[in-house]
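Dumping the structure here so I can ask a few things about it.
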Amino acid sequence: MNLLIVMASNPYSHDFNTVVKLISAALNRNHKVKIFFMANGEYCLLREEIKNLHEKGLEVYYCAHNAEQRKIKPESWAESSSMYGLAKLMTEADKVLIFD
Amino acid sequence: MNLLIVMASNPYSHDFNTVVKLISAALNRNHKVKIFFMANGEYCLLREEIKNLHEKGLEVYYCAHNAEQRKIKPESWAESSSMYGLAKLMTEADKVLIFD
Amino acid sequence: MVNTVWLIKRPADFPEFEMLEEEDYIILIQDAVLRPLPENKKWVACKEDVEARNIKVPEDRCLSYEEIIDIIEKASKVVVW
Amino acid sequence: MVNTVWLIKRPADFPEFEMLEEEDYIILIQDAVLRPLPENKKWVACKEDVEARNIKVPEDRCLSYEEIIDIIEKASKVVVW
Amino acid sequence: MAKKKVVVLIKSNPFSWKVFEALRLAVGASMEHKMQVIFIKDGVYSLTDWKPQLIGIEPIDKSIEALGMMEAEIIAEEEAIRERGVKLKNWPTEVKVLSKDDISELIKEAEVVLTW
Amino acid sequence: MAKKKVVVLIKSNPFSWKVFEALRLAVGASMEHKMQVIFIKDGVYSLTDWKPQLIGIEPIDKSIEALGMMEAEIIAEEEAIRERGVKLKNWPTEVKVLSKDDISELIKEAEVVLTW
């Protein structure tokens, strides 16, 4: 399955734990997983757990507008995107889950 | 009055608005105002509003441990502190308000 | 001198009445302004938070942030709920 | 094939029953595990969230994250509430 | 790679950045998908004549207008409006008022539901 | 510049980073002040034998122990424990169980109250 997670919650929340564990399990099951960070979710880009998941196959996107607003400078493993980019990701996804 | 605000909420919350407006009003009334950022409040250090209030007299402190944990590098107008530092600030304060 | 000042933030999370003393002062802020209290209680609301939400609260119950600061100054302590 | 899967996060915020169809699947996660549902309903709970909170939930209602992913895969859609 | 039926469901935090971000997402998604933005429970307060700027939040008017241009539908829950006694603002895009039952049907028919 | 009577009041979010941070604050404050950490309502769940590590949160045991060493008091609401049917863990520091009324008195007497 092609799983897309939209993450708008901050990185010290229950949602962060849920998202990390779900992605990890989905990668274990050999699903294709993408995450899109927006709003307060942008701060998650600063956590090691996300980078580690990226190294295991997670594709990472973020809303460039929200990142700039929050003065977050993501590393190169995360791909700058937009709400239109998210719409495109939704087109390809079999399931879309949002956490906010 | 010597007013101390402990801020543990994220910068896109109702608390952020309340804190900014209360501080502004307290400075208008010529009170001495200090703010201490901790937990998700650390992200507020990246917002212009706080810098602007600092320029109007707000003294800014933050928990260095939480800032490091969140990979936040505050500018020099914010003073690195600790939970023990917060205890000291509480000693001097007439009123302590927490937002989390 | 006022007693304890309670800053209430949420409409559904309120300190239990045994905690409140007769002389205490209740200030509704943020979404708590959606739930104005009974007439006979000693409460006020943050004017800007009321106006932002376009809620009807009697004018004489609405305080500016400066007026809230004045009450905080006179309080024995402030509890943000 | 399962119908809609509902991921419920909070004990006090639940989709209204008219939204749920007979064949829907309810998965309690996070603090929602504090409020197990009636026996006759079709629900399960996230095992790790149950254990983290030291709550009693029947063993056969508890799923690992991998098992939750398997249900999500089979769902027509997932609503995170 | 088909166009999907997407519902953005706003059920809480009516006076917040969350509603602003939810609508921004809805506008983006409406460029590619059939979009319905549905306000239920406390979410309906977002459609009243509130003043986001007073509490440091960006106004949602442009997003509401853009949704109309993208032919997205905006829907509010009848019961939620009545129970709260709220009056909806005259938005640049039509807001349809539907019953809980009708809204439940829309959610059942949707392929993607994004709750806020 | 006196030592103050400080209450840290934990009333919600029992299984979260918030309770961890609240206790860290309490430990720091107890170095300079008379500290009472009071758990009411859902806050009492924090004192059960939960497993923070399982949900990515740091354990609170060290903070609870440090509070004991700093002679801070730890107090839990009797009614909240009973209503929820919870069993408190055997913590390294004594937890006093007091009624709502007694806790209200402590809050009245406090000079600083920090709610979480």
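Should a chain be cited, it is by its letter among A, B, C, D, E and F, assigned in written order, with residues numbered from 1 in that chain.
The rule we apply is simple: a residue touches a chain if its C-beta (ideal position, glycine included) is under 8 Å from a C-beta of that chain, and two chains touch if they have at least 3 such contacts.
Predicted model only: the values in this text are computed from it and were never measured.
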item: Chains touching both subunit D and subunit F; value: A
item: Contact-graph separation of subunit A and subunit D, given in steps at minimum; value: 1
item: For subunit C, the least number of touch steps when starting out from subunit A; value: 2
item: Farthest-lying chain, centroid of Cα atoms versus that of subunit E; value: F
item: Chain copies touching (subunit A, subunit B) - same or different residues, decided at half shared; value: same
item: Interchain centroid distance [CA atoms averaged], subunit B/subunit C, Å; value: 22
item: Computed distance of Cα centres, subunit D from subunit C, in Å; value: 39
item: Interface hub residues of subunit A, defined as touching at least two other chains; value: 12, 14, 39, 96, 98
item: Multi-chain contact residues (two or more partners), subunit D; value: 31, 48-49, 77, 80
item: Residues of subunit E engaged with two or more neighbouring chains; value: 15, 17, 55, 112, 115
item: Chain-chain contacts as defined at top; value: A-B, A-D, A-E, A-F, B-C, B-E, B-F, C-E, C-F, D-E, D-F
item: Contact footprint of subunit E on subunit B as seen in their complex; value: 12-14, 16-17, 20
item: Subunit D to subunit E touching residues, read off their complex; value: 4, 13, 16, 18-19, 21, 77, 79-81
item: Subunit B to subunit C touching residues, read off their complex; value: 1, 3, 14-15, 18, 21-22, 24-26, 28-29, 31, 94-99
item: List of subunit E residues in touch with subunit B within their complex; value: 15-17, 55-57
item: In the complex with subunit F, residue positions of subunit B that touch it; value: 6, 8, 38-39, 66, 82-88, 90-93, 96, 98, 100
